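Lettered A, B, C and D in written order, each chain numbered from 1.
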Amino acid sequence: MTLLKDKIVSSSLYVPVQATIRDIRALTPLEKVFSLTLPDGMLLNHEPGQFVELSVFGVGEAPISITSSPSRSNGFFELCVRNAGDMTGVLHQMKPGDVVGVRGPFGRPFPMNRFLGKDLIFAIGGLGLAPARSVINQVLDERGKYGKVIILYGARTPGDLLFTDELEEWDRRSDVELHLTVDRPAEGWDGNVGVITTLFSHVQVYARNTVAITLGPPVMYRFVLMELLGKGVPEGNIWFSFERRMKCGVGKCGHCQIHHLYTCKDGPTFSFAEIKHLEGAL
Amino acid sequence: MGFRVMPKSAFPGWVEQMLQTYRVVGPRKIRDRYMFDEVNSPGDLDLTYSTTVLPPKKVLLPQHEELLSFDLESGKMEAAIDTQPTVLLGVHTCDLHAIRLLDAVFEDGYADQHYIARRQNVLLVSLECLSPCTEKSFCKSMGTLSVTEGYDLHLTDLGDSYAIDIGSERGQALLELTENAQPATDADYSRLNQTLSDKWPRFPYRLESDITELANLLAVSYDSDLWEELGEKCLGCGSCTIVCPTCYCFNVIDEVDFSLNAGSRIRQWDGCTLSQFAVVAGGHNFRSTNQERQRHRFFRKGKYQMEAYGLVGCVGCGRCAEACLVDINPVDTFNELSRRRIPMTRRHKEVLP
Amino acid sequence: MTQQKPKIAFFDFASCEGCQLTVIDSLQTNLELLNAVEIVNFREAMSEKGQDYQIAFIEGSCSRKSDEARLQAIREQADIVVALGACAHLGGVNAVRNRQPLEDVRTYVYGNKADWYETYPARPISQVITVDATIPGCPIDRDEFIASVKMLLQGRIPKLPETPLCVECKLLENQCVYTMGKVCLGPIVRAGCKAICPSFGDGCEGCRGLVSEPNMESLKQVMAEHGMADQDISHKLDLFLTYQMMNLENEEPK
Amino acid sequence: MTGTTLTPDIAIDVHHITRVEGHGNIVVDVEKGELKRCELQIVEAPRFFEAMLRGRPYGQASHLTSRICGICAVGHATTSLRATETALGVELSEQTILLRKLNFYGEILDSHILHVYMLVAPDFLGVGSVIPLATSAPDVVLRALRMKKLSGDICAVIAGRHTHPIAMTVGGFTHFPTMEKLEQLRERLEAVRADVDETVALFQTLQIPDFERETEHIALHKPDEYAFIDGVIKSTDSGEWPLDRYLEVTNEYMVPHSTAKRARNQREAYAVGAMARVNVNYDLLHPKAKEAAVALGLKPVCHNPYMISVAQVVEIVHAIEDSIVLTDALLKRGVEWEEPAPPARLSGEGVGSCEVPRGILFHHYKIEDGLIVGANGVIPTTQNLQNAEEDMRALVPTILDRSQEEITLALEMLVRAYDPCISCSTHLLDVRFE
């Protein structure tokens, strides 16, 4: 049983293994879920919050969060990818059976054992659901180990909501509190309209025992943070996953540097306590 | 390990010997500038060089480097690991310090096999600087004017001969290629000591504060007005980061042949002073102005690298100052920050409103 | 990723045709190009004039009202339009005359026969039709052309490099031409030509166009410090960059 | 369809002649067997180079004017430099002269190889372009590309690149080739001789149409070398003129159907180019080139315009051989970095002239205090246009028995033989010295 990570550590950090696309599911016109298998039964062995460096050979490579949770790895893993540029654009034209490159898993995962017994509040914007889904499903698969689970999720329009089947599933559960919002409603939308922070008034938290996991576009973070701090959630319990430009994923290329930290290896998950003194981090 | 002495007349012969087994890279004069370049005969070398345009890091981390080649048709994928035995000759002490930082970066965490393979196959023959190489160098201020480790061999020019310090067994073996390196006599010791003590006063201190204070100075200078002033002047040309021996940021691109199925992945130098360095998909730029980029650059040099690797991020070679058309340079920047030092209390506002 | 060979076509407007010549020259080292694409229209090099193409490469500036219809027809046919070279990309040297009153330019050249020949201020083709990609330069760089074709074959749109020329120049360890008493537009111009002018001892003239955030004021200051009078500075900037400079200065062609 | 029917009415309208540089049309109207209209229309957009030169520093002129034409970029740059240098009294070093000549051959070769192999040969081989030849006659195409690469590399080594050379400047160069580079060129030049022989052999097999029209040929001439840069103007009719009297030769005029000017000297038209050069300077050709001329049946004075391509092949031989001579001279004396020769004055007037691939080219500048205040240029194609049209006029009545397609092809081949450089020809550099 080889681990992908052992493979790259033993040969070259930059040589991906050739993974096969086993399935592609379009969520929206811009986002697709790619289900990948590694060769020779190799294992990815990731933890929630980590990412892989995904390549289309001849085009390029980009960091992509692993959206499937470790608790649901049945010989494959999933990536939810937005068509945002070169590599992702060509990836979106690919078909099952095609080969892509994968390196990883990289990055510091969420410290799940520090979350045990805590109430969890997820504040998610847009594509942030991709990494969040990995944490959420992991938590739901071990539901007993955590307190309340509150999920706040915002998208631009109802059509931009990702993983709607799973959203419905979570909504049906009595042990999950799900609140959705959109910036711009569409025909038939009877839910909340407004930015994600407008959802906070709908939820009650026991601040001292709450862990907040915030995932979304950079602009969202400051506002969510103000809400959470305002509710009294401790600084060390407020977690983010940061996005930065990355070329290597292993703390060499310098692109993702935030002060002395490298987002790819010291993060991408950070607690507010860790980064609050770092100007420009948020 | 002590040192040996080799008459200068024997030096070319020694280089000839090296050329039998090694690729030799050293400073060459090309028109009005010096470059580290492959040496084909001892005459190509010019050890009296001032400073080179690019630092010797290019031997360990080439400007344009194949990381891997692939062929999807056959499924072949190969790491390009370069293990060519190389002597890197005539490295100034500041650059030697810079290589130590590069070593730390590329060995840290996941070790970068490409860098390390090169590094392990490179013999470093450094050279004691006896007078400032340019008006813009400030190695003495940065504590890089001398070295005690990190080399395989270290040369000091004693006039008609070289004193050669042996820093490793590999260095020793390299020296054994010649029979003309004799054990040092007492006279040689005193000549070397004299040379070293004579050289010291020739170098000015150019920084007005001590390097141990740099990190603190920067910590309180994040909001200094100076960044705005530098930002206005800075052309964003990126030269300063490209020529820096301690910069190692890179970009990775793919090249393909017309089959679109085979090609290679290339690593090439990048720099944090370039406008697109921190742009992410969707167009957000985490450092969108020259001002922020200059600040980041100097923080890396004076603070971040120290915090991350325990080594100073600027070795005072002065290349960036030579390269900058608008005369933005570490000495003036750090000195000006020091003059404008912002009291801690004023700075101690929250990061968030 | 096997797909049908895309049909490509080359067209030219006011230009020296040096970019198309460079395309022909690129075959010297990339003859495989002919297997990867089907060239259906290339007046400079072939007789066939196919009108069924997906990718159109257009060389030259638009300098006559009557050229607009030809451009539009190409746009309608092509899925992807690529501006080839500085004339198409920036107006190129053709735009130098935009600083001078049009009537004066015409009569200076044609005397009393001025109205025999139609013209208007030279402009980049992007001012007339939507352009999907640009291969900059005067002339274009062969390798960049080949790399761009490969990107198009991969289904990507080549992007203009954002890196300033200085980076490329430094990577080659050139001696900065400013130290040789000359001036250079390298700090504000897009890289990609292998800094060929500084490599051959001459300052960059800006044929690949301005980077997206050029610090014009600071560079003008640098040039002034290197002994250039205001007029010399404008001459330097107004060779390939006239159109962009006039835009920056909000100046209309006369 | 073969030309059996005698068509009394013929209307030929070739819109945008292909495989030439720039946009031109051929319009021929024959009514009841009588030629009513026969025009070579140049419809290229005018580019106004001389207006653009006004007020510019003289140092920019060669870089700006090289953009007149991507194929004769070195020719325009060299001619521009010669005009400026004459105006400002710049004396060139021997090294500069040698390097300029070698660089110039790079372009002559590049252009001639492009023309004979890629633009003309397809007509004789019955294809529409060189592209199908890549599969049907790959050796021919590869040979052409190989020869072309060497030509381009000559320019690249000396001036950075062929299309828009960089290192050429007023008074000299800004960059110099290393001895290694020159030695490599020397080796390749020698090796390419085999390809040159093959080229001559190929042209021996081609059926060149038999058509003659007595023509005045004009070219630069020097007593001791086959002239490409500088010299005097010489006509096959009679007469020699110094460069500064070029206007007496060119006598430019305009016609409404063409954005390019025309020229005439002692007859209704005259011709310039490879054929004119061979006709004027045959004795000065390299012996090997003369051998090739004999082998190809080219004898001065030749009046068959279709033989222009053959004259180009002869010049390819000459250019390769003389490049070897020049490279040897450079290798022998060595190449030093030298500062460009300084101007003796900053105001003056001067004419520069070169034999660019398509014929004699003139640049004429007036400079005041370092700025160009007046510019004129006369381009080879300008000088050839009327002659090509006269040839068409003479040719059409002799081939009226052919089919329309065949007539069209014959006319296109005729125009192509002149290797017209249409984008150059539209610059109409007017004489306007205030």
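Quick note on the criterion: a contact is a pair of C-beta atoms (placed from the backbone, for glycine too) under 8 Å apart; a residue touches a chain by one contact, two chains touch by 3 or more.
Not measured: the values here are computed from a predicted model.
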{"item": "Least hop count linking chain B to chain C through chains in contact", "value": "1"}
{"item": "Middle chain, criterion being Cα centroid separation", "value": "C"}
{"item": "Of all other chains, the one whose Cα centre sits farthest from chain B", "value": "D"}
{"item": "Chain pair with the most C-beta contacts", "value": "C-D"}
{"item": "Distance from the mean Cα position of chain D to that of chain C, given in whole angstrom", "value": "25"}
{"item": "Geometric centre distance via CA averages, chain D-chain A, whole Å", "value": "65"}
{"item": "Where chain A and chain B are represented by their mean Cα positions, the distance between them in whole Å", "value": "38"}
{"item": "Centre-of-Cα separation between chain D and chain B, whole angstrom", "value": "52"}
{"item": "Multi-chain contact residues (two or more partners), chain B", "value": "31, 255-256, 260-261"}
{"item": "Residues of chain C touching at least two other chains", "value": "154"}
{"item": "For chain A, residues that touch 2 or more chains besides their own", "value": "58-59"}
{"item": "Pairs of chains satisfying the touch condition", "value": "A-B, A-C, B-C, C-D"}
{"item": "Residue ranges of chain B touching chain A (in the complex, touch as defined)", "value": "67-68, 70, 72, 75, 77-79, 81, 105-106, 108-114, 222, 248-256, 260-263, 265, 267, 270, 272, 277-282, 284, 286-287, 292, 296, 299-300, 303-305, 307-308, 351-352"}
{"item": "In the complex with chain C, residue positions of chain A that touch it", "value": "58-59, 86, 89-90, 93"}
{"item": "Residue ranges of chain D in contact with chain C within the complex", "value": "16, 18-23, 44-48, 50-52, 54, 56-57, 60, 63-64, 67-71, 73, 114, 118-119, 122, 128-131, 134, 141-142, 145-146, 148-149, 152, 159-164, 166-167, 169, 173-175, 254, 256, 259, 423, 428-430, 432"}
{"item": "Residues on chain B engaged by chain C in the complex (per definition of touch)", "value": "31-33, 35, 52-54, 63-64, 232-239, 242-243, 255-258, 260-261, 268-269, 271, 274-276, 290, 323, 325-326"}
{"item": "Chain A residues touching chain B - in the complex, by the definition given at the top", "value": "8-9, 11-16, 18, 55, 57-62, 82, 84-85, 88, 99, 217-219, 222, 225-226, 243-245, 247-248, 250-255, 257, 259-261, 265, 276-282"}
